[in-house]
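Look for subunit A in each of the two complexes below; its partner is subunit B in the first and subunit C in the second.
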Partner chain A sequence: MASIASARIKREFREVVTSDELTRCKIKLELLNDNFTELKGEIGGPPDTAYEGGTFQLEIKIPETYPFNPPKVRFLTKIWHPNISSVTGAICLDILKDQWAAAMTLRTVLLSLQALLATPEPDDPQDAVVANQYKSNNKIFLKTARHWTNVYAGSTSAAEPEFDSQVKKLVDMGFDSHKSRVALSSHLWNVEQAIESLYD
Partner chain B sequence: MGYDLNRFEGVVDEELICSICSFVLEDPVQSPECEHAFCDSCIKQWLHHQCICPIDRIQIQPSDLKPVPRILKNLLSKLKLKCDYADYGCMAILRLENLNIHLQECEFNPKKPIVCTLGCNIVIPKDELKNHNCIKELKKIVDDHQSKITSLTSELNRQKYELELNFKELRSLKNFVSKYIKSNQLASNMVSASPTSPTSNLLGLNLTDDDDDDIARWSATLPIAKVIRWGGIISTPDTVLQTVIKRALIEHGCPASILNQLMENAHEKNWPLGLSTLENRQINRSQYANFVCKRVPNKQAVLILACDNRHMPSHMIVEPGNLLIFAHGVE
Partner chain C sequence: MASYFDEHNCEPLGENERPNEQLLLARLLVDSGIANALNLSFEDLSSQNLSPPISKIWLKEEFPKYCFSESDKCGHKCPICLIAFEEEGQTRAVKIPNCGHIFHCDCILKWFEKTSSCPLCRFELPTDDPSYEEFKRQKKREKIRQQEIEDLHNSMFS
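Our next item is the complex of A and B:
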């Protein structure tokens, strides 16, 4: 790996680990190998959002050309968000693409992702189904997002017990629980439509 | 890419750090509008990707970059840091402004060029001295030279061959031109009975085929000479000697057209290239045996006539022939 990339990551890692933001903003960084090419990030769901209380894990891969090219980041934790794929965790965020600038750091990336959770951009979606729901049925979107946060990101606040029982209904029919949850979330928690889509 | 922060004494101000490489600024430049400073190499590499300031995205072109203010340069130059070769044992702590001068001299630089004192005098990086072998290095140089000599020699031979061909071509052209002039003269003589035209002399063509035939006929009348001691040649014969030889030539029927030229060619300065210097004579010594030499009767002198020696390389003969006067050694 180019020495400039590993030197930067070393410094950025230290910057995140030693800053008080660790506790204040709930951001974390963990090294996965000794040559600074792979890291695991963690951000807390921002307060007063559907993601509050959740902890979201991120896969971070540093290209050899870093910081001249952005790091490759995706969500490992499943999340219901217009700009994040509910299937792959891929993120649609300009600074991770053409709006990257060499002075940005892993810290600014993590903070930007936190900001993205607080203010989705439904007009520049990664997941069209979620973005559509966000715009046309925001109430259900918020409940669904909260439910996903509860199930996948470990939040204990505001569970949606009726969603749980609907998922259980499908699981009892023999469907996989995650697939059932995706089907229900994508069909405004309409059980019949969800079952239909699972049979397709 | 800048200087590693770990090398510096104390805390380095955040303002002196390049936000691209996260090291202390090296050869800093700044963007004209927002005045953000970066290492020269870092910002140029970034502008290769995108022409915006990496901090606030203001448009910049590489040509817009400006030197940083004196105060920033001064702050940088006062920073104290460890030598690049601290890991090799250099304990020096230097001001950044003195670093480059120190690096050139630093004894701990493993790549510092030093002269081998074991005999070969070759300049080598210090860390290679341990495994350095004078004979091996010198052999490499000798081999190098040898291959150069080989290629130059083959080039020289090629050039010689070409020169030879050119000489032959020139000779046949000369013959052709002189025949042409002669036939014209004959024709005009028949009409106007005018004396010889000066044209042939103007062209330096005092040799014609007829002359050649004359020379060949005359040569046939002369005895073959055997030179016992080539070292006996007189390179600058005096006037008396020349007069004696000249008289002998006339006596024995030397064609008048070549007499003076032959006499002039008795002097070293008119000898062919192959005999012109002592060095050349030594190089070409082995070819002497191939000369067809004719004796100037009763004299210690031989004629190496061009018409008898066409088999010799062109640098060994002159037109119409070479008169060599000896002190002794001719039979």
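Our next item is the complex of A and C:
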């Protein structure tokens, strides 16, 4: 790996782990290997959003050409958000694509992702189903996002118990619990439609 | 009598050169007001988001003028490599005209291979891409036009 990339990650890593500001914002960074090419990020869901109380894990891969090209980042924790794929965790954020600049750092990337959780951009979606729901049925979107935060990101606030019992209904029929949750979430928690989509 | 090209402030196409149809169409739509009616801006009609690599001529003729030896022990870091300017071995720095941001020469030259904008504030330096330069001019023209309309409106009430 080019020395500039690893040297820079080394410096950035030191900056992130020693920053009080980032601890306050519930942002963490962890090294996964010795040559600074793979890291694990963690961001806390922003307060007063559907993601509040949740902890979201991120996979970060540093390309050889870093910092001239952006790091590759995706969500490992499942999340219901218009700009994040509910299937793969892929992120649609301009600074991780063509709006990247060499002066940006892992710190700014993690802070931007936290900001993305607080302000979704439904007109530039990664997950069309979620974006559509965000725009046409915001109430259900918020409840669903909160439910996912509760189930996958470990928040303890309002659990939407009626969603749990609906998922259980499908699980009792023999469906996988995550697949059932996706089907219900995508069909505004209408059990019949969700079952139909699972049989397709 | 001025030639057609002088009169229209443009140059004849070179051999094997084709007109930039996308740009011409975008300009037609914007100038005729159709784009406005459809709620489209010039940016929406153009596919170029990121500025292309920096102009080679600019690098050769202008860039060295802004280079200097950084000896200032102010503790500033190059925003690209995050290494302090006074650290050994990396002392050639450049101050970008207009925005004044400072980088190591080696670092910024590598960035300029990709795009001509400042990594800190996106201030754009010249490129060698004629259609992108045209796009920039068009954006400027649009801004001036908007200002003129605003001035005209304001003048009516003063």
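Note that the second predicted complex is superposed on the first by the 199 of 200 C-alpha atoms of A that agree within 3 Å, B and C clash if a C-alpha of one lies under 4 Å from a C-alpha of the other, contacts with A are read in each partner's own complex, and residues count from 1 in each chain.
Convention: a contact is a pair of C-beta atoms (placed from the backbone, for glycine too) under 8 Å apart; a residue touches a chain by one contact, two chains touch by 3 or more.
Keep in mind it's a predicted model, so treat the numbers as computed, not measured.
Student: With subunit A superposed, do subunit B and subunit C clash or fit?
Tutor: Subunit B/subunit C on subunit A - steric clash.
Student: So in the superposed three-chain picture, is A:S165 touching just subunit B, just subunit C, both, or none of them (first/second/both/neither)?
Tutor: Once the two structures are laid over each other on A, A:S165 reaches no partner at all.
Student: Regarding the shared-chain residue A:T119, is it in contact with subunit B (first), subunit C (second), both, or neither?
Tutor: In the superposition, A:T119 touches no partner, neither subunit B nor subunit C.
Student: Does subunit B (first) or subunit C (second) touch A:T18, or do both, or does neither?
Tutor: Neither partner.
Student: Just subunit B (first), just subunit C (second), both, or neither: which does A:N33 touch?
Tutor: neither
Student: Looking at A:S3 after the superposition, I want to know if it touches subunit B, subunit C, both of them or none. Which is it: first, second, both, neither?
Tutor: first
Student: Taking the options 7-15, 25-33 or 79-87, which segment of subunit C carries the C-alpha atoms that clash with subunit B in the overlay?
Tutor: 79-87
Student: Per the definitions at the top, what is the overlap between the subunit A residues touching subunit B and those touching subunit C?
Tutor: The answer is residues 4, 7-8, 11-12, 67-68, 99, 101-104 of subunit A.
Student: Along subunit C, where are the residues that touch subunit A in the complex?
Tutor: Touching subunit A: residues 49-50, 79-83, 107, 110-111, 114, 117, 119-120, 122 of subunit C.
Student: For subunit A, which residues count as touching subunit B in their complex?
Tutor: For this pair, the touching residues of subunit A are 3-4, 7-8, 11-12, 67-69, 99, 101-104.
Student: Please give the residue numbers of subunit A that touch subunit C in the complex, ascending.
Tutor: Those residues of subunit A that touch subunit C are 4, 7-8, 11-12, 67-68, 98-99, 101-105.
Student: Which residues of subunit B touch subunit A in the complex?
Tutor: Subunit B reaches subunit A through residues 1, 4-5, 19-23, 42, 45-46, 48-50, 52-55, 57.
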